[in-house]
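Shared between the two complexes below is chain A, which pairs with chain B and chain C, respectively.
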Partner chain A sequence: MADLGVMALLLGLALSAYSAVGAVVGEKMRMAELVVSARRALYMTTLTVTIASGALITAFVRNDFSIKYVADHSNTLMDRAFVWVAFYAGNEGSLLYILLTLSIISTLAVWFAPKRLARSMPWTIAILAVIQLFYFGVLTFVASPFELLDSVPVDGRGINPLLTHPGMFSHPPLLMGGLIAITIPFAFVSGALIAGNYGDDWIDVARVSAILAWGVLGTGMLLGAWWAYTILGWGGYWAWDPIENVALMPWLVLTAFIHSIMVQKRRGMFRMWNVALLNIAFVLAQLGMFINRGGPVVSVHSFAASTLGIIFLTFMLASLVFAFALFLWRMPQLKSDRVMESFMSREASFLVNNFLFLAVMAVTLWGVLFPLFSDFARDVSVSVSAPYFDRANGPILLGIVVMMGIGPLLPWRKASARSMKQWFIWPTAVGVLTIVVLVALGMQRPVAIFAFGVVAFVAASISEEWWRGTAARHRTGDNWPMAWWRLVNGNRPRHGGYIVHLSILMLGLGIIGTNFYQQRTDGALELGESLVLDNYRIEYVGNGDSSRPDRIAQWAEMSVYRIDPDDYSTEIEFARSQGSSGFTLEESQPRPNDELISQIQPWHGFYPDFNMASVRSGIRSTIVEDLYVIPRDFLSDGRVSLAVSINPLAWWLWASGPFFILGTMVALWPQAAVERRPTRRKIPDDPEGDI
Partner chain B sequence: MASRVPFASTGSRQLPNSSAAFSVAALLLALLVVISGCIREEDITLEQRAHQLSGELMCPVCDAQTIDGSSAQIAIDMRMKVRELLNEGNTNAEVKDYFVFRYGEDILAAPEGSGFNLLAWIVPVVIVFGGIGIALVTIRNMRRSRVQLQPVTERQQADLSGYLAQVDRDMGVSGEAVASEIKAIQDQADEAKS
Partner chain C sequence: MPIILGTLLALVSVAVIAYPFFGSKRYRMVSESFVTREKLRAERLRIYRKISDIDADFTSGDLTEVDYLQQRDVLRISAAEILREESGAHSSDSERDEELEKEISRLRDQTAQPREGGDTL
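Now for the complex of A and B:
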């Protein structure tokens, strides 16, 4: 198997080199056949990577421990389902996975590229081939997944226990796939620029491929957050860890791009800007690859010390130089067709939103690099972690949400005072009313109350648009759901965008709730004892052992009761006086009218071979709040040590996921099938219309 | 989407700068002041404070984790120490100083203090205001450099009415409203001509 894999990778190396050289030479020497063969060579690399990947997977399935990578990342105890996870669990395998993704999407992109891009395709092919060549080179010469061991061990080391979770089937592949998929729009646009194809031919293909990469990356991050919340057991879902940040940064830039590309599509403006955004996103993706592979920044995610750092750093710098040299070279040709007419226009609001997205990106980058900078400048180590990013990025993110409510209500070109008043009155009223009601209800934390007001404002502005559009169609005879569906169908990019905006609002609710209103307490319980926090009582009723040869694992059976705090007023008062949020009760103390609402089974495991603990939190989730129980440890005296928290609105974080995916798919769905209203075409001066 | 009259290219500004807009803004501001006055003082327990503080201290032996999230023994001990120091009546700053003195500056999850570390906090502010400044200046320059657009001609107006009627139907805006909007544009166009 190892030989087959090595041979396939070598063949792929040769093919991608041929493809890169062939495309360029063929284009320069006007040899059409050479370009065709370069294109087919690019298709063939997919075959070779697939064979190499198949070889590695087969080796895993057969427990072929003569291959170092297999021995390091699996053992005979491993559930066969996790072969797919083990495939990308380590450095070499994940590189192979990235190359597999890249070659498949390159083939698809080149295959389905529109005819009118024919002139720039040789360059696009060459760029894709060069990037593939880089990965083939790394996999062949530096980090081969097929390296053999001198002596074959009886059993492998086993898979990293943190990865044995269903979320791992999709989170890492989506994240890595999303990062590498940014290559596609970058290759299309760079190819067009090199070929001197300055028109807007590349808009649609760049937009679609960028949204795909963006959607995949976004879904990957969300799944990562979900995995962290349910399994990592630190009670959070987003830690602003360097690896999270390097995935977030290109995502933010892509978000800016998929907004401002619409300005180019509709108004012929922002050409230069859009090219620059794609370049930045691509270079940031390379930065992500670099930091992932033995970069200089500490992270919980990093692959074990890898010598690849310098190679990926070089590649990142090379792509930086290439992208910006190309940009500077072609900049004079990238002028706008039209000019900005007003601050009160959709294009102006998109520009502001773009700068805000870039600001979050830049602040995040600054936070990631600051420890290195401090080390370098004055030889003092500092840490830059979640509290920094929360404080520095929080206000900008809130500003972006505000823009999310304003931008869509502004028309292209210029808004009149009258229409502004007409459209903004209702959302503003809803936002202010929300704040007033929350204050009247006695809510604490002014910042959070304001943020809730902003969320309500944006939600109202989206519903206003949907309400007016749907009502208009309803009057023409459609029933309500049909009218709404026709409205969405009539302009999918726009209304898909609104669905994504709604998902972001849901995410926002979860972030505000968990960040500002979380309640926590710690405690250790004997069997029969209870821990009380707010109006929950958690009783430790039993436990079990699920150890295996490779792990020591126990789970606790816990009953969750809803209590009336009035029943426990003395205990609550005493706990408060001690400065505690919660308190423990002995077996005889619970009041009779506590209501049993749920059973949870928090689980705690320890893997001696990895010196690693792994937990499954016990979660009782409702749309209002999650009761979240982390088993910290099973103590030797029979007690279980718990960290319990109430995470308000956490449910909404995960509910946003399906809406995010749905909205992305609606925005991407080909528009061709939609009937176009002829009236739009008749307008002489405004071919793009204002739909 | 909002404006039903996308052809108002007469060159005159149409910002909502009426006194009504200002009084609404003033009202909102006053409301916010009143609201912020009504907001209750936060009451959080010592334990909540301890958790918040634990989230601001790094675990010395873990990679990029705070002691709040880590289950390493040293993190557990440090959490207990935080609680103990708070129980003794120390302020958050005193607790942080305690750990900085023992573990060095990088025990703090976010750089604090003065001098060089201020850079960590100033740069984001510069980025945000610089970025928004660049965006606004760009828009202004683009507006200034624009060509003088032609006023709407009669023929265009005729073409326009069909379109507006369609938009009108889609949006459910009343015919009169659109008619008056069109009239406003024509008035402006006339002004520009004269």
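Now for the complex of A and C:
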């Protein structure tokens, strides 16, 4: 299998080099055969990478430990279901997966490219081929997944235990796929600029491919947060880890792009700005590859140390120079002759939202790069931790949510004061009322209360949009459901966007709840003892363990009771006086009124080969709050050390995922052609024109 | 076996990329006029989409009647001009005028006339 894999990669290397050169030479010399041949070479790279990937997967299935990568990332005990995960468990396999994704989407994009882009397609093909060439080169000469061992071990090392989680089947592939997918809109736009196509012909291709990359990347990040929440055992879901950040940054820029591209579509403005955004997103994606695969930082997400840093850094810098040199070269032709008529307009609100997205990106970028600069310049290791990101990005993110409510209420071009008053009064009233009610209910934390008010304001503005449109259609004779359906169907990008906005609000609820109102306690329990936090009592009722060749696993059986705090007023008072939010109870102390509501089984495993611990938190989840139990350690005296937290509104974080995907799909779903040309005669086609 | 498969893959690849040079089909670059027509067609469809969007905006109350009618007229004129350009090389003046009238009348039929006042944006 190793021979086949190596041959396939070498062939792919040659094909992508040929494709890049052939496309450019063919275009310059007007040799159609050469351009068609180059395009076919690009298609063929997909076949070669698929065969190389198949060879690696077959090696995993056959436990072919003569291949170093297989021996490093699997063993005979590994469940066959994890072969897919083992495929990208290390750098070499990840790079092969990235190349596989890139080649498939490149082929699809070029295959389905509209013919009006024919003039720029050779350049687009060349750009795609050069990027593929880079990955083929790395896989062939620097990080081959088919490297053979001198002596074949009896068994492999096994898969990284942190990867043996359902989320790992999709989180890394989506994240890597999303990052590399940004190449497609970048290649189309750059190809158009090189070819001198300054118009809006690339808008639809760029918009669709950018939304696809954005949706995949966003879903990947959300799955990663879920993975962190359930397996890493620190009780959080987002740590502003460099690896998380390098996925977030291009996503933020793409978010700005898919808003501002609507302005270009609708008003013919922001063309230059949109090209710049795509360039930034692409370069940030390369930064992501550098930090993910180049290994300059240590992270729970970078599963293997790497010496590829300098190679990826060079490629990233080359991407940066190419993208912005091209931009500067074509900038004069990209200027729009239209001007913004008013700051009270939808296009202005999109511009503000773009600046806010870029501000979050810039803050995050600084937090990512500063430790690298420090390490490089002063040889001092520093880390930028979550408080910096929370303090700097929190207010800007809140500003973005505010703009989510304002933007849809503003019309294109300009708004009048009267209409502003008319459309803003209801959402503002809902937002203010929410704040008043929360204050009246005695809630603490003014910032969080304001944030809840903002969420309510945005939800009301979306509701108002839907209500207004649906009512207008209802008045024309449609029943209510049909009226709403026609409203959404009539402008899917816009209403798909609203569904995504709703998902962001759900995410916002989870973030506010868990960040501002989380309660935590910890303690060590003997069998029969309980830990009390807020109105939960967690009783340690049993345990178990198992020893396998690859791990030692222990778990605790926990009964969860809902308590009446009045029954425990003495203990609660005492705990508060000690500055603690929770307390332990001995076996005889629980009150009879406690209501058993759930059984949970938090789990703790230790993997000697990796010298690594892994936990599965015990979680009781409701739409109001999660009870989250982490087994820190099973002590030698029979006690279990627990960290317990109550995470308000955490359920909404994960519930937002399906809405995010649904909204993205609605926004992407092709609009039916509005009008067909009434042709008396068919306009002659160009049947012999092939490229 | 892997060597044979690899060699086979190489041969197939060479055959696929060499075919345009040696196959019976003759290739040529897409003509400038075809690209222009495709661009015009795409631009025209984009304008139709915009007309549909402003129609929806007006129905939802997002556009005032004045703005709606003004924008719709601008877009219809643009569509008509593009249609004229598209038809230019292939039809006589009378045929072109006839086609334009049909197109505008279809647009008029399709675009719902404002029923509500819409003292809106």
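A few remarks follow.
The definition used in the following text is that the second predicted complex is superposed on the first by the 652 of 691 C-alpha atoms of A that agree within 3 Å, B and C clash if a C-alpha of one lies under 4 Å from a C-alpha of the other, contacts with A are read in each partner's own complex, and residues count from 1 in each chain.
In this section, a contact is a pair of C-beta atoms (placed from the backbone, for glycine too) under 8 Å apart; a residue touches a chain by one contact, two chains touch by 3 or more.
None of the values given here were measured: they were computed from a predicted structure.
Of the two partners, chain B and chain C, it is B that touches more residues of chain A.
Contact with chain C, but none with chain B, is seen for A:Met44 once the two complexes are overlaid on the shared chain. When the two complexes are overlaid on their common chain A, residue A:Leu15 makes contact with chain C while staying clear of chain B.
When the two complexes are overlaid on their common chain A, residue A:Arg468 makes contact with chain B and with chain C alike. Contacts of A:Gln422 after superposition: both chain B and chain C are touched.
In the superposition on chain A, A:Asp633 contacts chain B only, with no contact to chain C.
In the superposition on chain A, A:Thr476 makes contact with both chain B and chain C.
After overlaying the two complexes on the shared chain, residue contacts for A:Leu410 are found with chain B and with chain C alike. Judged by the touch definition given at the top, the superposed model places A:Pro114 against chain C, while chain B stays out of reach. Within chain A, the residues touched by chain B in the first complex and by chain C in the second are 410-413, 415-416, 418-419, 422-423, 465, 468-469, 472-473, 475-476, 677, 680, 683-686, 690-691. Contact residues of chain A toward chain B in the complex are 233-236, 239, 241-242, 298-300, 302, 336, 339-344, 348, 351-352, 354-356, 358-359, 362-363, 366-367, 370-371, 374, 377-378, 380-388, 391-393, 395-396, 408-423, 428, 432, 435-436, 439-440, 442-446, 449, 465, 468-469, 471-473, 475-476, 519-522, 576, 578-582, 613, 632-633, 677, 679-680, 682-686, 690-691. Those residues of chain A that touch chain C in the complex are listed here as 1-4, 7-8, 11, 15, 18, 30, 32-38, 40-41, 43-44, 47-48, 51, 55, 114-116, 118-119, 199-201, 203-204, 265-266, 410-413, 415-416, 418-419, 422-423, 465, 468-469, 472-473, 475-476, 487, 490-491, 671, 673-675, 677-678, 680-681, 683-686, 688-691. The touching residues of chain B, counted against chain A in their complex, run 1-9, 13-18, 20-21, 28, 31-32, 35-36, 38-40, 42-43, 45-48, 51, 55-56, 58, 62-66, 68-71, 76, 86-87, 104-111, 116-117, 119-121, 123-124, 127-128, 131-132, 134-136, 138-139, 142-143, 145-147, 156, 159-160, 162-163, 166-167, 169-172, 181, 184. Partner chain A is touched in their complex by these residues of chain C: 2-3, 5-7, 9-10, 12-13, 16-21, 26-31, 33-35, 37-39, 41-46, 48-53, 56-57, 59-64, 67, 86, 90-91, 95, 99, 102-103, 106-107, 110, 112, 115-116, 119-121.
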